[in-house]
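First subunit A sits with subunit B, and in the next complex the same chain sits with subunit C.
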Partner chain A sequence: MGYVAVKGGTHAIKESVKRLKYERLQKQQVLETEKIEAGMRGLIDQVMSESSLYNEPLAALAIKQAEGNPEEAIFLLRAYRSTLPRKHCSQIIESEQMKVERRISASFKDIPGGQILGATTDYTHRLLDFGLMKETEELIREWLTEYEAENRLNEEKLDAPDILLPKVLDYLRKEGLIPLRENNDTEPDDVTRESLEFPSNRSQRLQILTRGQTGAVTSLAYAVIRGYGALHPTVGELRVGNLPVYVGHPNEVGSEEDDYYIGDVKATEAEMLMPFMAEKENGRKELEFEIGYGLCFGQNETKAIAMAILDNCLEHPDNSFPSHNEEFVLYHIDSVESTGFISHLKMPHYVTFQSKLDRVRKTKNSEEETAERQEVRR
Partner chain B sequence: MMNTAYNFAFFDEGSKREIRRATLKAIAIPGYQVPFASREMPIGRGWGTGGLQLTLALIGKKDVLKVIDQGSDESVNAVSIKKLVSDTTGVQLTESASEATIIQSRHRIPEVPLKKEQILVLQVPLPEPLRYFEPSEHETKKLHAEKEYSGAWLMLFEQIMKYGSMTTGADHPVMVHDRYVMAPSPIPRFDNHKMDENEALILLGAGREKKVYAVPPFTKIVSLDFEDYPFEGESFEGKCCRLCGSEGVFLDELIDEGTGETYYQCNDTGYCYEVLNKAEKAGVN
Partner chain C sequence: MKRKQRTEILISGSQDLAKSLANEIEQNYPVTAIQKPENGLVMLKVRETSKKSLFYLGEVLVTECKAKVEGKIGIGIVKGHQPELAYHLAIIDAAFLGNLPETTKWSSILESEKQHIEENSKAKNKAILKTKVSFETMDV
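Our next item is the complex of A and B:
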């Protein structure tokens, strides 16, 4: 009977951990973390984004330890993150400073600086490339030399090592099609240091969205644009590239020049445009654009776009759609929380179940008693 | 062996301090759910991370720890939590409820009455007793602030109307010191009365829901009920433990694989062993 089987746990756990290790190793291949880092960019980016820890070697280690299961890898990194003291808050990063690798707009064909396709799977045909099964290091090297030579020629022609580009949305702002807003440069709340309370503020919402599970964020945003929401967004601008991070001197208030550069983070930024009927004076209505904002670590384009959609949804609470309800969205998209609570159902629940059993028996008995009484009466 | 790759008790000191601050606030307002910045732990969210964070924030080198899961010291999750705490602190572990200074438990209060120098840490999956009828956190916070608990009574009343008795299984809501309605965590109804005027400090931690709350020593705890439908615990009348013969304790219902007969055994395994050992010492056999 299952009840008894949960005792003797120490030994069982030890053996189970051993078995898990065996499953990872049985094919007698050492998966080097450098190889994961080199060849699993998509998974690394997703794991760093969902664990909100930007560190490629650690992400690779987590992926190795988790045997490629993102849910487990994120869990490992989040738990590691809990042990790290928080020492600095970076200086404000303006995303105009992004060294753009890829940048597109679905709203305008000709954008200042042009559309840059960069590295994307968008226009690849999803046909299995069986050639990859026979890829060798020699072939790779050959291809790389060729590619780099070709690129050098192009770069000399363009003379643009780091591309800084104006924002597409600034163009619309200049025309007065997007309402102008002041930058809010107050230090954001940190949801990992102070728990969320409602109504939430935007910095909290954006943090939870950017840490959200890619699938969950995508699904909810999909529901919004499919019909369970009131939005019809367009990609104003989507960009992928590196953002430089600076921290100020820990004790002295200095000028910008005294800031310390601590490295770059690769990020995806999505600025979505949502048409919106604005009320003007005398009840006159005017169509304007609103913005939904998405930003996440790594190249995670679907997630950044979905995040931007949900950001805008939560700016307009509407109880007829769960996707516009901040508690519904923010409480349920976190990978560690959702997978943790779902998986806890595997734990023994025999005391709670005994309680329920006691109640079921009791109600059954009282039903029978009532039935008997009714029969007697008849 | 202690795992020295991590700080003592896993967390950085700043995190521990913050959790202790939330705990102190919880003790000062019995039954009130204090939000805290729950950390991700090396064990699953929903697997006792709230309790674990309390234990790790409180534990010192001299503490003696007991961990039980559904009454059992040897249940897999209890073992796993114990191992994590012992790996990162090196504290002494025990199975005896009376020897422990900190007892972390999932869904049971030990049968041996707790003493004043002990701390019981309960793991909580759903800290909000009003969640059943009000999904919004923003709303339930208001209901607590206004002591507006008619929904909780109505929930019990509806159960009586539908089924003839209150059908809460474990986690039957309690009133703390005439002020806050509180989820006692899914302890069986059998254990609810043990909270009332208890000598030990009881702390409740919900990691995923990011709440800490407390029942300080000698706090009045009353299970919600009606005059004509009094609260009742699980009944084990006429049943006793097959191993130690104890009556009046919470029993596990088991089935003998050979005969197919139902038999009972103490759910609190630590208690059961103690009774058995005492009997042996007294020379019963």
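Our next item is the complex of A and C:
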């Protein structure tokens, strides 16, 4: 049997796209992007983080177009991002400058600045709130007015306009339980400009982890803790807040005071403590701590913690565990790459499949012929 | 007032302020848009706190504009799609670069806006700090 090249399906594809639009519109409801942006904070943050593009209105539009499917929304945003010029690279962002909205430590009870719970679902009952089905704009306004009145500044003195807090782990550094490090200002590599090659460096690993698919990053980190890895982490510090972004003048060399402030980005940072036995002089061993680092766009706490766990895994390559193998982790956590590859299996594979089918037929035919020959001999 | 503080106030404060300052310049001098407001990206370079090295967190959508006033080219750059604000910021930047006389009296206006921003920020922080845990030791 010969193979033939075929074409066609243009009309069917056109009608399929129409059908897709019909599925989105058939209930005759216009889903305004402003409403998605206002009410789907978690999904917006996840989509911005995985697409590696920070802009809430665009994330809302992508979610609307994708009918709430994150993998499609991320694909749309990554594609859009590739059409835009990169104007600048920011000045170095230090997370000590984060305007904190939430900060906790699972390792220390008393931390400077205190444990600030901020907005979290951690202490909520996971019971469906059927009242939300009857929520009205009037009820929302009433609640907001009351909340704002509760928090209006009266006579109390708040010293600083922003909540800037010292790092919890600086205390362990002062005690010598975490090695002190000097700033390393080596320019990072950019995986969006140059393809990843192994062995990877730290900047590449962290960039891939931070834009990784939340579910994939979380699942691999969970596997590490369950035993498919060699780590026992504790949350040293988890903070959520706004990071101010500055860019320098493109042509002038000026001081920090001459930078342009462009706005804040919300991010989640996790510093995970990993105990390990450090080799000292004369073969002596001492228990010390290392930090696994996670930072991602938006309030994505599970992802930031999982990223920190995988960061530390990849700092200690160990082929006994897939989670410590950089190729295994870094090549499989990207949303567009993994969902793209899996979903491409739906695309026509007529030629490759026919070739497989031919081989099966030939094998079967030759088996039948052999059997017939043996029958004749008897 | 240096650019860092100035842009912090103009971006965090009311957009009407940037508009009114830019309008003042437009009324007194010819303004040329060298680059109309256009969208682009800024890649964020961050320091991780484990090894203190640098990596790229991702990109943020920005609007950038360049305007020329009295021979000086100012840049307006702001997060998100904000063409009008970017244009006003570019004019104000050019005005400060050219030390135009209007800018001298802007300091007090900017300082007053800064106070307003700080008050709003403190009110927001009051609500956040209400979520600070107050531990009590239990008798066991």
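Criterion: the second predicted complex is superposed on the first by the 345 of 378 C-alpha atoms of A that agree within 3 Å, B and C clash if a C-alpha of one lies under 4 Å from a C-alpha of the other, contacts with A are read in each partner's own complex, and residues count from 1 in each chain.
The definition used in the following text is that a residue touches a chain if its C-beta (ideal position, glycine included) is under 8 Å from a C-beta of that chain, and two chains touch if they have at least 3 such contacts.
Computed from a prediction, not measured in an experiment: that's the story for all the values here.
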Query = subunit B versus subunit C on the shared subunit A, clash or fit?
reply = fit
Degrees between the directions from subunit A toward subunit B and toward subunit C, using C-alpha centres, nearest 10 = 110
Query = Where does A:Y246 make contact in the superposed view: on subunit B (first), on subunit C (second), on both, or on neither?
reply = second
Request  = Look at A:S195 in the shared chain and tell me whether it touches subunit B only, subunit C only, both, or neither; answer first, second, both or neither.
outcome  = first
Message = So in the superposed three-chain picture, is A:G9 touching just subunit B, just subunit C, both, or none of them (first/second/both/neither)?
response = first
Query = If you stack the two complexes on chain A, which partner ends up touching A:M347: first (subunit B), second (subunit C), both, or neither?
reply = first
Query = Touching A:P85, do we find subunit B (first), subunit C (second), both, or neither?
reply = both
Ask   = Can A:I163 be said to touch subunit B (first), subunit C (second), both, or neither?
value = second
Request  = Once the structures are superposed on A, label A:E37 by its partner contacts, choosing first (subunit B), second (subunit C), both or neither.
outcome  = neither
Ask   = Should A:E327 be classified as contacting the first partner (subunit B), the second (subunit C), both, or neither?
value = first
Inquiry  = Under the stated touch criterion, name the partner, subunit B or subunit C, that contacts more residues in subunit A.
reply    = C
Message = In the superposition on the shared chain, how near does any CA atom of subunit B get to one of subunit C? Answer in angstrom.
response = 11
Note = Residue overlap on subunit A between the subunit B interface and the subunit C interface 81, 84-86, 190, 192
Message = Which stretch or stretches of subunit C touch subunit A in the complex?
response = 2-5, 7-8, 11, 39-62, 64, 75, 77-81, 117-119, 121-133, 135
Task = Show which residues of subunit A lie in contact with subunit C when the two form their complex.
result = 48-49, 52-55, 57-58, 81, 84-95, 100-102, 109-110, 114-119, 147-148, 150-153, 156, 158, 161-163, 167, 169, 181-188, 190, 192, 202-204, 206-207, 210-211, 243-247, 249-250, 254, 256-265, 267, 269, 271, 290-293, 295-297, 311
Query = So in the complex, which bits of subunit A are touching subunit B?
reply = 1, 3-4, 6-10, 12-13, 75-76, 78-79, 81-86, 190-199, 327, 331, 336-337, 339-344, 347-359, 362-363, 366-367, 370
Key: Interfacial residue positions of subunit B with respect to subunit A in the complex   = 6-7, 10-15, 18, 35-42, 44-47, 49, 69-72, 74-80, 83, 107-108, 125, 135-138, 141, 163-165, 167-171, 186-190, 208, 210-211, 234-235, 250, 252-255, 257, 267, 269
